[in-house]
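Listed after this line are the structures, all set down as structure tokens.
Each of the next two complexes has subunit A plus one more chain, namely subunit B in the first and subunit C in the second.
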Partner chain A sequence: MFGYFLKRILVSLLTLILVSIFAFSIIHLLPGDPVKLALGEAATEEKIAQTKEEFGLDKPQAVQYINWVRNILKGDFGRSILTRERITDLLKTRLPITLSLSIPALFIGVLTGVFAGVVSAVKRGTLLDNSLAFFANFCLGVPQFWIAIMGVYVLSRELHLIPLQGYVSPSESFSGFVSHAIWPVICISLSAFAVLARQTRSNVLEVIQQDYVRTARANGIAERSVITKHTLKNALIPVVTLIGMQMRVLVGGSIIVESVFNISGLGNLLVRGINSRDYFIVEACVLVISIVTVLANFMVDIAYGFLDPRIRKSWR
Partner chain B sequence: MKKVICLILALVMALSLVACSRNEQNENNGNNGNNGSEVQGNGQGNNQGQGENGNSVDDEKRGGTLNIAITADATGIAAWTIAGNTADFICCWPMIEGLFSLNSDGAVVCWLADSYESDAEAKTYTIKLKDNVFFSDGSKLTAEVAKWNLDTTRERSQKATNLIGELESVDVIDDLTIRLNLSQWNSTLLYGLARECGYMYSKEAYDTLGEEAMETSPVGTGPFVQTEWQRDIKHVYKRNENYWNGDVYLDGVTISVYQTGLVAQAALESSEVDVWYNADFSVLSGMEEKGYTVALGSIYNMVPILCYNSTNEDDPFYDIRVRQAVSYAIDTETIAKTVYYGYANARNQFCVGDYYESSEVKGYPYDPAKAKELLAEAGYPNGFDTTITTLATTATKDAVTIIKEQLAEVGINVEINTLEMASYVIELTGWKSGMLLHPSGSSPCIPTQLASMFCQGLSGTVLGLSSMIRPDSVDQNLRGAISATNDEEQLRLLSQAQVDMVDTYCMYKPVAEVPMVFVKSPKLHDDGINEACFYSCTLNTAWKEK
Partner chain C sequence: MEKLLDVRNLRTSFFTSDGEVRAVNDVSFHVGAGEVVAIVGESGCGKSVTQMSVVQLVQSPPGRILGGEVIFEGEDLLKYPRKSRKMMSIRGAKIAMIFQEPMTSLNPVLTVGSQLSEVIRTHTGARRKDAWNSGIKALESVGIPDPERRMKSYPFEMSGGMRQRVMIAIAAACNAKLIIADEPTTALDVTTQAQVMELLLSLVKERGTSLIIVTHNLGLVTRYADRIYVMYAGKIVESGTTRDLLTEPKHPYTAGLLRSVPRLDAQKDVDLVPIKGSPPNLAELDWRCAFLPRCRCALEGTCDKLKQPVLAPAGEREHFAACHLLTEVSEND
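Now for the complex of A and B:
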């Protein structure tokens, strides 16, 4: 078991190193000069050179990468080239905001998605199954920003049910948080709902036709018990993988929703960083998103062991 | 019986509550009036027009928060961190004031300065400050503080080279008088001091709080004090109770970032915001029909110009006849009407407003036949293939699409290359061939604006630094216009420069003068937002209908 954990940790670390190199290279390969953007049209060559030196951007890229990693290991993500804010401070304030949206969104998406998938499979071919399939396809096909803006127009502007935009921390006012976050959370959760509903339905349908399920039914076990005890446990194993993957989508994929609702989360910060070629912000955001993803996948790997005795057995 | 007694008691309690609340209201009114009188008594007020009705007019105006929607946050709000984006100025409106301001005609007027004298021969401006100006931290604006501000700006502001580059030193004459010594005469220097280069910050706060604090929460002389700045989200300001220029009606100002135009529009329509900056031109007429005020400013702030690569010998545009042909082939009237929905004016020269407009410039009125003739003369009877590079905004993309179609009529096949800002700023200084549609911002002071773009010897992120010719005559006339000692001379030299840039050398084709758009709630009054242009407004007198 220890060997298995060690192996997973080493793979995770390797993934993070590769992601960091990838993130660093990609942003530096993009055309655009962050210093010129930050200093504006009136900047002189001297001022540009001076600023590049200040941020270490005059050094070779390999040296820049090593310096960046060295500083991160000390807990310093550097400063924004555009605003000179400390990126560590930015991450400390922005990541919790994104997580406060993405965790409830994941929770809602998983619960509703798995439930809808099971119901669809059990009621296969009925109006309910078709309706759920249509809704899941609708959620996958319609752009997230469209749903977000429609919500703003209908729920906020016309019905005045929720605020138009903004964010209130749950520690500041829980009711304020709920009223501000409800629509963004629903928008973010829709994709998870759709993916999980479709995957769960197909997995349950596959498992439901297995011999052992037929045997259970032949033995007179109640249908509810057949589904919950015998079918779901096996059908949900691939779904757990999807949940892990959805975590990446939820943390990094809240960009659009954060932009529409003017929420100062990680996604918003990443967009600002990309637009202004603020290298250190983009690198930090990508690294944080990849850490969250790697952690989520690590937890998924552990969860496999508890869900599937065969995997647990292989740990020994 | 019990029920009757309970009912009577409930009625008495209700009446008592109503009566108490009225008394409270009266007390509040009385306090407001007293405050107003005291301010007026101190000779600081300019908003106390009570008249015969006592405080009723002021009380009606008093209160409320002005909410402004912007599309992107300010880069900086300290004079030395301001990059020149519109949002930088908007976020300074409530709290920072300058020595000078612009009136509704776009002319420079004194604000924190009381008066000024200029001496072109001695190359000096002598500025007398108002005696009663205090920063929100209680410190006074003195000549020493003004000197410190101007010295800091001169050394560190990103726009200082362009706007006040001739300012060599500042002398303190007395407690309220400073003298600006110039290296060479600049008749347009005060325009620079009517924007960020003339902003005044509390030196005491800078010394006490430090530079970093001043960059995020600077202390100025404005009618409001910033209490919160959540970057990319909002700025919150509360009323400066000790404002030097009289009583302020609004309780506060909130400037929020709305990255999505549709959400900003919805916010305005549901009264969540009162002012929406940077509305799309396509929605303006609809908003006007709904009763909203569309403030375009008396002086427009953007001049998109189609620049030609005139330095690359291998490019067809090296030949002036090709540049002229393309200029004749483009119908700018159509672009102004279509792209900007009639809210822009087609211009034959780089100009905003009428004051600096030259009647000498002939320009290139739409004439495809003439264009074909010139192309044939230049050796391109069947046209040629070329590119237009531009910034990826809705308006510029629409404009280059129309230009592409119009040029196709004379045989020129155009490939459109739209770039996001980060890539565009690199292309801006030196695109390799073809044309660049540059949505240039413009100061109301055209001589300064053109000199910062087309004089020789410029460096940094300058339009067409390696792609556009900069003829000697243009350089001399623009420099001459800036250092002219009288208005006639300045206008004559500027006119000559405009003629050279457009007619003689055909360096670019001006497309239109385009306004900076603010859509405002009809319930907002006396705010002065975008009356002349976006550099300043009068939030000290602004009020909202309840």
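Now for the complex of A and C:
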């Protein structure tokens, strides 16, 4: 089991290194010069060269990369070229905001999605099943920003149920947090809901046909246990993979929702960084998102073991 | 002998895009207490669907039980809805089933013990700990060594024969009155086959359990069954005691089956004769005898002119066969 985890950790680290190199290279290939953008049109050549030196942008790219990594290992993500804010501080304030939206969204999306999928499968072919399928396809087909804006229009402008936009931290006022966050959270959770509902439905339908489910029924096991114990534990194994993939979407994928509701989370920071070619901000955001992804996949691998004894036993 | 299970005129069809597939077409059979009965036939002749209909586990849709009676311990089970409490309390407790594929018939992600003890808890209301202990005893009774440890094993850690023993242990744990074994040994090697069959037989002897063996393996049933029903194209075409059927088969299909399997007691140089052709499509059944296209004995002018034959007495000891040669020809002789 130790060997298995060691292997997973090494693979995760390798992935992170590759992603960081990739993120670093891509942003430097983009046209536009952050220093010129930061200093404005009137900046002198001398001033530009000086600023570049300050940020180490005059050095070869390989050296820049190594310096960047070295600083991150010390906990320093560098400074914004545009505003000279410390990026470590920016991440510290913004990551919690994004997580306070995406973690509840993930929970809601996963729970409702799996539940809807199971109900659809058990009630296959009924009006309920068809309605759920329609709703899931609607969530997948309609752009997130449209749902977000329409919700704001109806819930906020017409019904005055929730504030128009903005964000209140839960430590400041919990009720304020809930009223501001409820619609953004729902919007983020919809894609997870839709993907999981569809996948769960088809998995459950497949597992229900299996011989061992027939055995359980032939043994007079109550239908509730046939579904929850005998079917779901098998059907959820592939769903766990999808949940892992959704975690990436939820951290990186809140970009649109954060823009619509004007919430200064990680997604907003990333958009700002890209627009101003603020190398270090973009790199930091991409790195954080990929760390979350790698961590999520690592947790998925462990969850597999809990769900599937065949995998757990092979760890030994 | 008192009839434990008496199935009368059972009809089950599958409604598919190709039309109605008459998988079980007016089938009647009975099983006495402590009796071993075999249902024999080719793949797709409806023998498994017949048994699944008895406990109302035919997949629906597309399957539907259209009519008939399944009288078990004096009560018609078909009067109870498939998901009723009554049916739940029959399945696994009074009528236990053992399926063909021991590899896939047990849940891969649950331990043997949890599957076994859940059945015990469901039917006896025993507490978790007690059910677990009964499970250990049940595993012991089917000859699984080290049952305490095996309770915590997963199916994938066991061999096919071992898993089939677990299936039997589940059936034995609740003292089922009737065990329906659907191709119980098909997936096993020959030595294990014999062990599994002996195990089932010992249940019959020791506890007076009745046993239905569904199989296409004639050799298997000749050793163990008291009576045999031969099924063809959704109907029973011949029934009788094992000895009568083996020595004096009256239906050409039964005779064909016997000629197509090697026998140790046969004289040397007797060639095996396969039955030509393949079973008919159950969605497009002819109005004539379903075996007609493959029959070696079919009489021109008789078999191709008459409707499907019905079961008629063909000998002593409740020997029946559904063949025109038996009824029409003997009358005209």
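Methods note: the second predicted complex is superposed on the first by the 316 of 316 C-alpha atoms of A that agree within 3 Å, B and C clash if a C-alpha of one lies under 4 Å from a C-alpha of the other, contacts with A are read in each partner's own complex, and residues count from 1 in each chain.
Note that in this section a residue touches a chain if its C-beta (ideal position, glycine included) is under 8 Å from a C-beta of that chain, and two chains touch if they have at least 3 such contacts.
Bear in mind the structure is a predicted one, so any value in this text is a computation, not a measurement.
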Would you mind checking whether subunit B and subunit C clash or fit side by side on subunit A after the superposition? fit
In the superposed arrangement, does A:309 touch subunit B (first), subunit C (second), both or neither? second
If we overlay the two complexes on their shared chain A, which of subunit B and subunit C does A:103 touch? Say first, second, both or neither. neither
How wide is the angle at subunit A between subunit B and subunit C, using CA centres, rounded to the nearest 10°? 150
Going by the contact rule set out at the top, does A:217 touch subunit B (first), subunit C (second), both, or neither? second
As a test of reading the superposition: which chain, subunit B or subunit C, is in touch with more residues of subunit A? B
Could you say whether A:37 touches subunit B, subunit C, both of them, or neither, answering first, second, both or neither? first
Name the contact category of A:128: first (subunit B only), second (subunit C only), both, or neither. neither
Once the two complexes are aligned on their shared chain, state how close subunit B comes to subunit C by Cα atoms, in whole Å. 50
Quick check on the output: what are the common subunit A residues between the subunit B footprint and the subunit C footprint? none
Note which residues of subunit A are touching subunit B in the complex, please. 30-34, 36-45, 47-48, 82-85, 145, 149, 152-153, 156-157, 160, 163-167, 259-262, 264, 268-269, 272, 275-277
What residues on subunit B touch subunit A, complex-wise? 75-76, 83-85, 158-159, 161-162, 215, 230-233, 256-260, 262-263, 266-267, 269-270, 272, 419-423, 425-426, 428, 452, 459-463
Residues of subunit A defined as touching subunit C within the complex: 210-223, 225, 229-230, 233-234, 237, 307-310, 313
Considering the complex alone, what residue numbers of subunit C touch subunit A? 55, 57, 83, 87-93, 96-97, 99, 101, 104-111, 115, 118-119, 122-123, 154, 156-157, 167, 170
